[in-house]
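These are the structures in question, set out in turn.
Next come two complexes built around chain A: one with chain B, the other with chain C.
Let's look at the complex of A and B:
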């Protein structure tokens, strides 16, 4: 697999899995506004995943749906941060804020890529992510100093570092105002991902080859 | 069949989620090129998470077929669409439907402080005594605001 396809899959898997996690708030978020916000963010992250999978699928001679749903859980390249399930609100906001901050750094680099397709898609995604970041920052500002939120950021910080390539981690530490520590790296998957995989591929596996 | 007739046909397709405005008003059709029977249409989604993407793609292909062409509708996922591309007619149609048109794109990205300011005008009564209720709304391209002038919520098209 080309380096480009691998990189695209990493990004796409992060956005797909996080989109699913965000959608788990649909109907049960603490307020109606947040129900709408997390549902809308989820939808948009999954849209980003689709565009990234489409680009990767062309390189790999397959389809976006096949990449999203027909691989085994072990083949996903998502970061452990996005796989975590059943977070309370403090940890949800901590993940949202840490992920968006890391994602901004990643997109800044991709926008400067010599690969015009990747740079163009990153620029489009970045325009949209502005609103996700705005929302994450609003909540982080609101919860800063809160004991549960601070504990959640402490807990998830090594996971956040694992979203980025090693050379980008110092920049993330600076933006977040923390010391760099050992990251929870990509590669190993939790049972939580396998559980999600079972759920999100269930319909597609039930009728192979069906069109929707 | 000419490029102009294809543009005309595409201008009849309503946005699936905001049917008062056509895809051409929305500015998402970037290019039309004809080569014999082959009609290539390039379009850019407003937001990549737009749930109406497939519906729009199919509707454009159908219009081209009605003209006797062989459609090749391509989704261009780059930064070539901006909310500034909505035509003046399109903005007016949005406003008339109770959906405030987007503020112009600036050199720097929009900020929460800007969204929280009262520079946004209510599409119903014209008051700028409005406040942000939610950055997000029923689709990725909209926010929700509340007008203290006429005491009703309204949707604001996001600047992008």
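Let's look at the complex of A and C:
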């Protein structure tokens, strides 16, 4: 697999899995308004995943759906940060804020890429991510100083570092105002991802090859 | 706190009331209004206004029946008929 395809899959898997995790709040978010907003953000992330899978699929001679749903859980390249399940709201916001901050750094680099397709898609995604960051930042500002939120950021910080390539981590530490520590790296998947995979691919596996 | 949301559908069109959001401050109101009234590309722009900032005005008395203030208070029908008869042209 080309380096470009691998990189695209990392990004796409992060966005797909995070989109699924965030969508788990649909119907049970702390307020009705937030429920609508967070569900909409979750849908956006899945939309980004689709665009990234389409680009990768062309390189790999397959389809976006096949990449999203037909691989085994072990083949996903998502970061452990996005896989964590059933977080409470403080941890959900801590993850959202850490992920968006890391993602901003990642997109900044991709927008400068020599690869015009990747740079173009990154720029498109970033136009939407601006508002995800706004949403994450406003929540982080509101919860800052809250014991549960601070504990959640402490807990998730090594995971957040694992979203980025090693050379980008110092910049993340600076933005977040924390010391760089050992990251929870991509590669190993938790049972939580397998559980999600089961759910996520259930309909597609029930009738293989069906067109909808 | 309730914020009223007004939505402009296309550039140049007037803003019309779209609904409201219940938010702790203007920042949350903006983020939530954006997702609720803009995510389907249905809006060109939004106005997000604290409900208290809107002065609601009621009661417009017309005790003396000043019908000439109103469009329906000044019937043209009879006058038009008269004028047509004078000019010798029938109603179309």
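Here is the rule we go by: the second predicted complex is superposed on the first by the 212 of 212 C-alpha atoms of A that agree within 3 Å, B and C clash if a C-alpha of one lies under 4 Å from a C-alpha of the other, contacts with A are read in each partner's own complex, and residues count from 1 in each chain.
The definition used in the following text is that a residue touches a chain if its C-beta (ideal position, glycine included) is under 8 Å from a C-beta of that chain, and two chains touch if they have at least 3 such contacts.
This one's a predicted model, so the numbers in the text were calculated from it and none came from an experiment.
Trainee: Overlaying the two complexes on chain A, which is it for chain B and chain C: clash or fit?
Mentor: Result for chain B and chain C: clash.
Trainee: Is A:199 touching anything from chain B or chain C once the two structures are fitted on A? First, second, both or neither.
Mentor: neither
Trainee: Let me test your reading of the model: by the given contact rule, A:125 touches which partner, first (chain B), second (chain C), both or neither?
Mentor: A:125 sits against chain B, while chain C stays out of touch.
Trainee: After superposition on the shared chain, which partner residues are touched by A:154: those of chain B (first), chain C (second), both, or neither?
Mentor: neither
Trainee: Name the contact category of A:45: first (chain B only), second (chain C only), both, or neither.
Mentor: The answer is first: A:45 touches chain B but not chain C.
Trainee: Between chain B and chain C, which makes contact with more of the residues in chain A?
Mentor: When the residues of chain A touched by each partner are counted, B comes out ahead.
Trainee: Please indicate which partner A:134 is in contact with in the superposed arrangement: first for chain B, second for chain C, both, or neither.
Mentor: both
Trainee: Of the partners chain B and chain C, which touch A:174 in the superposed model: first, second, both, neither?
Mentor: neither
Trainee: Could you look at A:33 and tell me whether it touches chain B, chain C, both or neither (first, second, both, neither)?
Mentor: After superposing on A, A:33 lies in contact with both chain B and chain C.
Trainee: If you stack the two complexes on chain A, which partner ends up touching A:185: first (chain B), second (chain C), both, or neither?
Mentor: After superposing on A, A:185 lies clear of both chain B and chain C.
Trainee: Would you find which stretch of chain B runs into chain C in the superposed arrangement, from 23-31, 59-67 or 131-139?
Mentor: 131-139
Trainee: Report, in rising order, the residues of chain A that make contact with chain B in one complex and with chain C in the other.
Mentor: On chain A, the overlap between the chain B and chain C contacts is residues 33, 36-37, 40-41, 131, 134-135, 138.
Trainee: Please name which positions on chain A make contact with chain B in the complex.
Mentor: Within the complex, chain A contacts chain B at residues 33, 36-37, 39-41, 43-48, 50-51, 54-55, 117, 120-121, 123-125, 127-128, 130-131, 134-135, 137-138.
Trainee: Can you check the complex and tell me which residues of chain B touch chain A?
Mentor: Counting only chain B, the residues touching chain A are 44-45, 47-51, 53, 77-80, 109-112, 115, 133-140, 144, 158, 160.
Trainee: What part of chain A is in contact with chain C in the complex they form?
Mentor: Touch list, chain A to chain C: 31-34, 36-37, 40-41, 131, 134-135, 138, 142.
Trainee: Quick check on the complex: what are the chain C residues that touch chain A?
Mentor: For chain C paired with chain A, touching residues are 21-24, 27-28, 31-32, 34-36, 39.
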